[in-house]
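Per-chain numbering from 1; labels A, B, C and D assigned in written order.
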Amino acid sequence: MTMVQAIGAALHDAMEADDRVVVFGEDVGRQGGVFRVTDGLRSTFGKQRCFDTPLAESAIVGAAVGMAIRGFRPVPEIQFDGFTYPAFDQIVTHLAKYRSRTRGLVNMPVTLRVPSFGGIGSPEHHSESTETYWAHTAGLKVVVPSTPSDAYSLLRDSIELDDPVVFLEPKRRYWAREDVERGKRTEPIGKAAVRRAGDTVTVVTYGGLVVTALEAAAVAHDEHGWDLEIIDLRSLVPLDFDTVAASVVKTGRCVVLHEGPRTLGMGAELAARVQEELFWNLEAPVLRATGFDTPYPPARLESIWLPGVDRLLDTVERSLTYDHA
Amino acid sequence: MTMVQAIGAALHDAMEADDRVVVFGEDVGRQGGVFRVTDGLRSTFGKQRCFDTPLAESAIVGAAVGMAIRGFRPVPEIQFDGFTYPAFDQIVTHLAKYRSRTRGLVNMPVTLRVPSFGGIGSPEHHSESTETYWAHTAGLKVVVPSTPSDAYSLLRDSIELDDPVVFLEPKRRYWAREDVERGKRTEPIGKAAVRRAGDTVTVVTYGGLVVTALEAAAVAHDEHGWDLEIIDLRSLVPLDFDTVAASVVKTGRCVVLHEGPRTLGMGAELAARVQEELFWNLEAPVLRATGFDTPYPPARLESIWLPGVDRLLDTVERSLTYDHA
Amino acid sequence: MADLLIQGINLEPRQLLAPDGTTTPTAGLDLTALHDRLPAMYETMVATRELDEEFVNLQRQGQLALFPSCRGQEAAQVGCASALRDTDWLFPQYRELGAFLVRGIDPGGIGLAWRGTWHGGVGFIERCVGPISIAIGTHALHAVGAAMASTWLADGGVTVAFIGDGATSEGDVHEALNLAAVNQAPCIFYVQNNGWAISTPLTDQYRAPSLAHKAIGYGMPGVRVDGNDVAACYLVVAEAAERARRGAGPTLIEAVTYRLGPHTTSDDPTRYRSDEEVDAWEALDPIDRCRAYLLGSGLWDDSLEERARATAAALRTSLRDAVFDAPDGSVAELFDHVFVEPTPVLVAQRAELLAELGREV
Amino acid sequence: MADLLIQGINLEPRQLLAPDGTTTPTAGLDLTALHDRLPAMYETMVATRELDEEFVNLQRQGQLALFPSCRGQEAAQVGCASALRDTDWLFPQYRELGAFLVRGIDPGGIGLAWRGTWHGGVGFIERCVGPISIAIGTHALHAVGAAMASTWLADGGVTVAFIGDGATSEGDVHEALNLAAVNQAPCIFYVQNNGWAISTPLTDQYRAPSLAHKAIGYGMPGVRVDGNDVAACYLVVAEAAERARRGAGPTLIEAVTYRLGPHTTSDDPTRYRSDEEVDAWEALDPIDRCRAYLLGSGLWDDSLEERARATAAALRTSLRDAVFDAPDGSVAELFDHVFVEPTPVLVAQRAELLAELGREV
């Protein structure tokens, strides 16, 4: 099953399990979504439970808030990462705060699905890393799967959760295949996965770059004899700091890998946390292999702009050779 | 002169110096702004150069982009921090990227003034710390004055700059008084100020909390004999890391103070940078004295939620007593 | 009057009660059907006016941080809310005290919002009313989502979004109107056009012949109503609600009224509007008008006024009791309501803050 | 036809040329005044059609990442842009190839956007055209700001925002229409209603009688025009531009047309629409219609077709030359255009990346 199919299966199974689950967004109905994620849902569940909206992202999220107030469990889709911005106010002002504002009386079991990140040669505004905006905003959970089976499981969990989840789907992994056992849950939201054990350097990452990190680990092992420990965060809020800490205690070195701009990217928070809590365990500073502080580049430049195996290995090497210069 | 008056004077002087400068927003004309910052501008410069807009923040920023394309230097106001969110898309998608998209042909000399942050007992959505959203977004400069004379000077500089600036005005300092010499510039954007020299711990902050830090420094000195070095960043983008670094080299300890939520607040970026670049200079991890990862509290709870002298001194003490636990 | 019919929408607001309390000879509407309801609406309007004054007093006494008075808009709010069922959802902006009282929301719970004890107020949701919503225009979309949910639940419910004239300029209100129309959602957009958005007059807010005319661009009915005529407001909303309940979709109603007081207690309206303008609207007071009609139509009896004053007094007392020197609430609650289960970061931060407070004591 | 007049706006689009190329006997508009302009518009429509095909070819050959064809919308775009001055600003969405050619934008510069060499394209601003704008609806506000600037500069300029039917649902378009109306900005909102927003049909997009009807809610003139009639599009825009230039404010124009091709080269329209629908619109081809009129009115001469084909061929060649295996551009440029002067962080990151690339070589 591809990740696209796994997500589609999760939506199907969630809709089957609970008729309060409704799926909507731009082109998710008739067309089954521009990536075909929602293919078949309209014919299976009817157009009341899977429908096309007008071209209005704020409306998509705002209406979801209203539906949640009335007991539904909306799973809206925003067509691409960059189009969450018109809905920013509804997400930050309401989706994130409604529970607080109503003193816990109204939950927001809304899962906002967003095909996200770069790497597939898309046009402008289609490759944004938005996670900092959500993770900094109190009241949102932020989930980023990296494999089809996790995508299935984390999406089912997200839909069942009574909190709002921004569910960032790494488009560049949409066509990755894996055997997915339908109905089976992997680890819950809030639990990171150690994708490869190692004791040389801890690499913390998520989403589409988990594969990059694993590739780099293979090279590092073969060419340098370094054993990288690769941690896939799976959710950024809640953050499974314990798993990160256990690894850093072991390796003494940590590199964070993400593709969004470096300034105030997740690497900033992880570096801050790791040095705050594991200061004396560190043999070198926490380093960041990331995208740059520029707008996301045009398609032809993305492969050199994005952090790949080279940038990660350079950074790992800097960590390993760091000394009292 | 109060900070309100200093900002008003800067607007006046900028409009007088350059007739391409236009000021607009909700209630900035007839009323002179809800804080009276723009008082008198409409009568002095006419309603073409200082005007009220409909209640539509995206329109305010989007129109500013269009005016800038045609050679104007718009200085729009968003009435309160939380109301930048409806304009988020225009700010992030266009204001920040227009210069890149046009390959440097079109500058965006737009200064977006935003009465910001908490501390004055305002209702919901009127006390937001938005700086992470802007500082993480490539293409925006982010300026935060802490004194009336800096507010005057930094605003004049921002308006003269050909880049877009998000100008965050700390409301709680609006009524602070200082002798402001009209026309005089303090240090330029991108230069931090050492507000108090000291060699015990470096405290990095900005905006309304600079005063808090100075108060804490006085207490620290009197009660504990600690000499805090207080750095006022003045601009978050560009960040004057050299000034921070020089201080940390001297003190070996650093605490970042800001009022927004801790996760991915400016403290995260500063901690990451400091440990990346000054790892061997640190005697303790960079620590953060901040707001919490909750929505901004109602007025009656803000004073205990906001980081004050106590929280800062506790954090300084943790830095000083940090050892190999 | 024909020249007031612009593009099929009547610029002359629908009216049943003329300012002097006589019946307006309009549209053959039967006012007697309302006779059993009018006394209660009168009572609520009086209570609203008085409770509003108490809010202002409490703000002056430093007990509240801020208050936005609804003085002058009592008929628009009470008329509208009275025409609905208690299970119909209302999504207010912030100035809808009259509607809150119709719903029986405890004044203290409203007061806690303005005191700064809890954002959004307390006791709203339990009455099918959204929390006080300060981010202008945003709640209109919640109303549409809730209305769509009503259709799915087939609960016969109608949802009302209260919107100011200023709010109509926000993108969210446009998206809400359009989404409701496309889905024929049982939703009423109830615009209180009170002449001002803080200091911004209508001429700087829109150029349409009226706000009701915006309905045309969404393919829904639009109607103007005299917002100082409680009977007309009631009937226009009742009609729209009936239409919505039978699946005929949303309606945009513009209630033409006036904000007699300042925008909020922090505002100084003399900076932007004339006394003459205010005086002209004072003469159109919605409560006086209703009383005059009740008197003229034989519905009046002095016990009504007594009852109204007694209700008002009780509400004032209950407000004072709830907010005067009210305790600040617990900071721990802030952490507890962010998520259903706090994250590890929140657990740690909560403990940190409690430790800090403990140390301070 | 009277029943098509809904709330003062004619649902029957204005038309000068009937589908068979004869003159529609409408509104007494004088077509002969357009005779010296029609051949050039025909030429540009043909060039647009052919260049559009070349774009599609290049995408199939892997030279472009994506392309949104404007096939079927040539008259709407060429007619509109031809009615304006070269100094009038245009803010396109992304599908306006016809308008780009009227402005003489180099096809290669357009191609670089779709190849993925530079966001927004190259060579637009120099021709008073905004960059390709993919974030739907957002650029409408830029048009209003630019139009307000025109008023202040007293340059007699008119600004046009090109908007899709889907785009009308976005909050930004509402805010733009309202802001333009309130300021009586010299701005034209030119909606190409091409029947679809990707897979979303008009019935899921709005419920107004037409998109032109939205004008009423903003207090501006609204007009429907046959978007496959280049003469009608020209005249309607010329009228609106004249009105705008003399300070009479904005206009909303709905050009009723059809997207004959897929949404983009990535789209498969058979998933959501019928061949019959497409065939019906193929029969209304705007280029055929213009040619038929030129033939019937004696304006035709064979050299016109030759010239058109030659122009088209030259544009195709110029596009191929510019984009085929075009170099990727410099990553350094990315850092250089973020700000006027790069920040220290950007200087460092730029050096870092160049070092990384250097090491790779």
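Of note:
Here is the rule we use: contacts are C-beta pairs under 8 Å (C-beta built on N, C-alpha and C of every residue); 3 or more make two chains touch, one makes a residue touch a chain.
Everything quoted here is computed from the prediction, not taken from an experiment.
Centroid analysis (C-alpha atoms only) places C farthest from subunit A. To find the repeat of A-C among A-D, B-C or B-D, check which pair has over half of the same contact pairs by residue number; it is B-D. Averaging Cα coordinates per chain places subunit C and subunit D 43 Å apart.
Subunit A and subunit B have Cα centroids separated by 30 Å. For the pair subunit B and subunit D, the distance between C-alpha centroids works out to 40 Å. Centroid to centroid, with C-alpha atoms defining each point, subunit B and subunit C lie 36 Å apart. Shared interface positions of subunit A, defined as residues touching 2 or more other chains, are 53-54, 56, 58-59, 82, 85-86, 89, 93, 97, 100-101, 124-125, 138-139, 237, 263, 292-295. Of all residues in subunit D, those that touch two or more other chains are 118-120, 135, 138, 169-172, 175, 178, 182, 204-206, 334, 338, 343, 345.
Interface residues of subunit B, counted against subunit A in their complex, comprise 82, 85-86, 88-89, 92-93, 96-97, 100-101, 124-125, 132-133, 135-139, 237, 260-261, 263-269, 271-272, 275-277, 279-280, 282, 284-288, 292-295, 322, 324-325.
Residues 26-27, 29-32, 34, 51-56, 58-59, 82-83, 85-86, 121-126, 262-263, 292-295, 297-301, 304-305, 310-311, 314 of subunit A are the ones that touch subunit D when the two sit in their complex.
Looking at the complex, you find that subunit C touches subunit D at residues 7-9, 169-175, 178, 181-182, 184, 203-209, 213-220.
Residue ranges on subunit D touching subunit A, taken from their complex, read 65-66, 113-120, 132, 134-138, 166-167, 169-172, 197-200, 204-206, 266, 271-272, 328-329, 331, 334-335, 338, 343, 345-346, 349-350, 353, 356-357, 359-360.
The touching residues of subunit B, counted against subunit D in their complex, run 22, 48, 53-54, 56, 58-59, 61-72, 74, 86, 89-90, 93-94, 97-107, 138-139, 141, 161-163, 190, 237-239, 241-242.
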